[in-house]
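Order of writing sets the labels: A, B, C and D. Residues in every chain begin at 1.
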């Protein structure tokens, strides 16, 4: 950490900054430049992090520059520069293969889930997703079948053997999802719901953590750090689009996040090409692009009759379209030396 | 609602759209233009909203355009075009006066809160704020004194008579905040935490709802609609900055949101000039600007010794700076025919 | 076009709107809904576009909704739904093959350009790019070799046969670029420099038009319309990243723009994966992703010694890295049925 | 400037970085931390700036952190921390008074300009603005009366004595604007048109420089540096809204830019509350807010009949509304110790 003193700082300002640093058990390293004095802070990174805001509020300080990343457990450096793998039952995410997670946006009926599950399995999906609790922008939209929805998903697992991923939005829902499903999804709107992150960390279940629409990559990694700091290392990161000024898609899929995340962290990274697109025709090109960029998996919404869906119809694929997408995605994976 | 049919749609596509609309009990009104056919949907707005996504997913449909706002109870039209007022004990927010809510970012000790409360009251603040549960980007930052923090705030209310505002991030915290405080704050990161919104709606306590950093004005109003749809009309909206590309401030304070929100909704609108700034020197100019733009109140962070604060030191004002800010803000309020 | 009348509009307001439309030679089609009256405007789309702002400013009008796109010549519909092809000497962009345009950010010397040109040609690039006039954020940065730079590029074309692309920022530069190069680049910062767009339209030379960092897809298409409306159909669109809040890359590459642009327009679309990344390690994954998303070409910066480059060193590839990138990109192209 | 070496850098990497710095005539100051080595670069700031990108491209370097701002002449530090004043004929901008610049978006006829000029003068405006060359998103929109428009503005100056501000978009227009008008406006879309910035610097006329919709505050200051580096110190900065995801206004007015700019630079700062709003009803609240935030002036569009305007009708005020706005703005200015 480096403290840049402003051009008008006094010797007393500087002495106070040095004292604050030394009282915390850290050492200083002062460098007098032509136009600025810079105070380097040397010592334990955790202690430095705690001191950051106090130093920034002190008289004479122009700004405080971090040298190290503010996260630890998710940091690639703390995992010897190696990728980690997250197992969901018998499926490994992050182990070289591209894992496709597919299923309907909302669970609507046993028939809908059963037919979708079989179709996506036949096309090569390795996990089944489905929403039993739905975060909806409007209170008047369909909110999900709740526990019954989870039971329907668990039955589909019985039928197909596909492990199940489902979203939880609070502690009570988390308990139910842990009971019925194999992986819990923390949605984009809850990425900084710290209570839920801690609860998911304590639950120990594999977590699929979606990036918030206005979250930086650093904030996504800090959200994962919340989960890992409770002792749960089974976190998969998911890029699903960020909010920008461009209105032709609902969100802008930030595919550069894939190589950036894999450079900073050891955790697996998957991509959801549906929510950002808002239109099913854009899903296949963005799914291909995500795999080409190095994603460890995809999250795709599939519905037997999208125009009858109770949520997000325009962005869901039919089973036929999904089968075609899987063929395209497999070819791209092979081209970069991986397979689906 | 209007359905625009694409240039290559077939008569069968159009018939299917008309059928879908009529089955829902709505009427159609077809307009053939030179290059597009437009199908107007006439009838109950709630039913139309439910049909929106299905229509958008149908073959031949280019897009669906909403004519009405998707919210009802928060809509200015449903309140006869009048402003509503929210009472927190004996203080009315929205009733013409500019209400200032002040206090420390985090509750740290009884002494800190007591001295801050007296200072802000002397300077003209009408409510006391303080954080007992802190949402922090890093799991290693100070997380708040929890229930003890709420007790400290309640003691300060005993002492000064100032009603108390405190944030809750989940159902358990909400119960405690309702027990000790007079108004519950739902923070920016929880603006789309629908479980919490519903719980706050049911609790009935006045709610201070902060805009999420990537939330549109429409999404903020829909979040308020969640609370109101549970029977709680006591919602105050708070603009606190949105996420943009500009790095010199933490968030970009969107002051146009004040007149826009007041044009669309009857709810009171306050502004937090601290979190967007990130630096205390920017707080006073932005507080003056917020009042000049028509805000019904301000939310200001004050700390006796900002450089010793356990959170957000750089953006908190000293009591002296706060007193100066109140003088400036009062003069601006008078200039536009209001008073603090 | 549709005019939505506000809830408090008067009969006189409505009559004035109808008169304004009819005076312009258009017809109205009025639809009375339960809560709003909507006036459809039927007739020539060009006339409607001109009326848009006047109607929006009239008393009683809530908003005006466009039904058709505001551009014509670049519209896919006006080209019978077919892709167009732009020829630069003997190279066709948009004709099924993926065309790679490569070369140094800035032209620095004859040796640098000659060695780069031969290296990129050997690796499969089909056009040579190089900057002779450099748009630099700071007036103190290197601004380019100007005419001498263009001569160096022309010599490299003599040597290799590769057609040359170079940027022009004003009328005088445009004349020189047309004299020496085969395709003129209009940079992101000049995407809405309308004088330059018209001049490039009149010059008739093929144009590589880069999307501005805050330009919507619609605005990019309108900029291309400026060029085409002067009689020059040879426009290639280039996605190069938009400005967002994410600081880990310089810009966020919006790859969904590729299928969106190809759906709206007939023009070829290429991607520049360098400027958004800011770091050469991100270039290869984003280049692969661009091709997988359906781009008709790539624009890649290559420098024999990036750490000695006079501009943008961190994002330029060495010839060795470029050769590896070409192999990866070729494999991805084959996987989706195209070739480089 | 500080060079952070990555965790895996070699002694050879470090030696190369040190050599690069020393060859440029600068000195190094090495600080070995627990987890990173940091190399401070000491010496002339201009030389450091030129070295920035080369260092960032060198092997072993994690990142390069700037300590000083990259601009000089516009920097407040280089003006002894004092505000500068820009004179346009007999009107001083930046000297304590709030200067209002008003007039129509486009010059349409002598009558329109004459009546607007007299009306805005009567209401207290000190400069007249009007567009003779209009940057329009669509090539089919009205593009301005060109030289005749400038003559009309010059006649209105004869009539009222108000100095005239007009926009130029290229070198030829600049010559005409310098001939007829008293201050040249460089519009938001041309903020990084470096040819135009240099030409405006050489012309020596006072310049009103608008912030680009995706330009950071630092980039705005660097654009002003381009003008000043050609010997023209008469630059007024203008905040006019940045591009964000919020659709209810055309741009988001970043009023915090006012105090931020005044803290970093000595140049006067004015605000255009019209272009961001897109709706005249939002102009008055945002104008009041801008003055309350400390703006040195306002730029307001006024038209005798906005619904007949050839451009931007919805955001232009009638003379009556402008007179009311001036009264409100004057009261706010007085409240903060200034006057209009």
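Just so it is clear, a residue touches a chain if its C-beta (ideal position, glycine included) is under 8 Å from a C-beta of that chain, and two chains touch if they have at least 3 such contacts.
Note that this is a predicted model, so its numbers are computed, not measured.
Put simply, the chain farthest from chain D by mean CA position is A.
The interface holding more C-beta pairs in contact, when B-D is weighed against B-C, is B-D. With each centre defined as the average position of its C-alpha atoms, the distance from chain B to chain D rounds to 31 Å.
Here the spacing of chain B and chain C, counted between their Cα centres, is 38 Å. Residue positions 214, 242-245, 247 of chain B are each in touch with at least two other chains. Listed in rising order, the residues of chain D touching chain A in the complex are 2, 4, 7, 29, 31-36, 38, 40, 42-45, 65, 67-68, 77, 243-245, 247. Across the interface of their complex, chain A is touched by residues 214, 216-218, 242, 244-249, 252-260, 263, 276-277, 281-282, 285-286, 288-294, 328, 331-332, 334-336 of chain C. If you check the complex, the residues on chain D that touch chain C are 46, 49-50, 53-54, 56-59, 70-71, 135-141, 169-173, 189-190, 192-196, 198, 212-214, 219, 222, 225-226, 229, 242-243, 280, 306-309, 311-314, 316.
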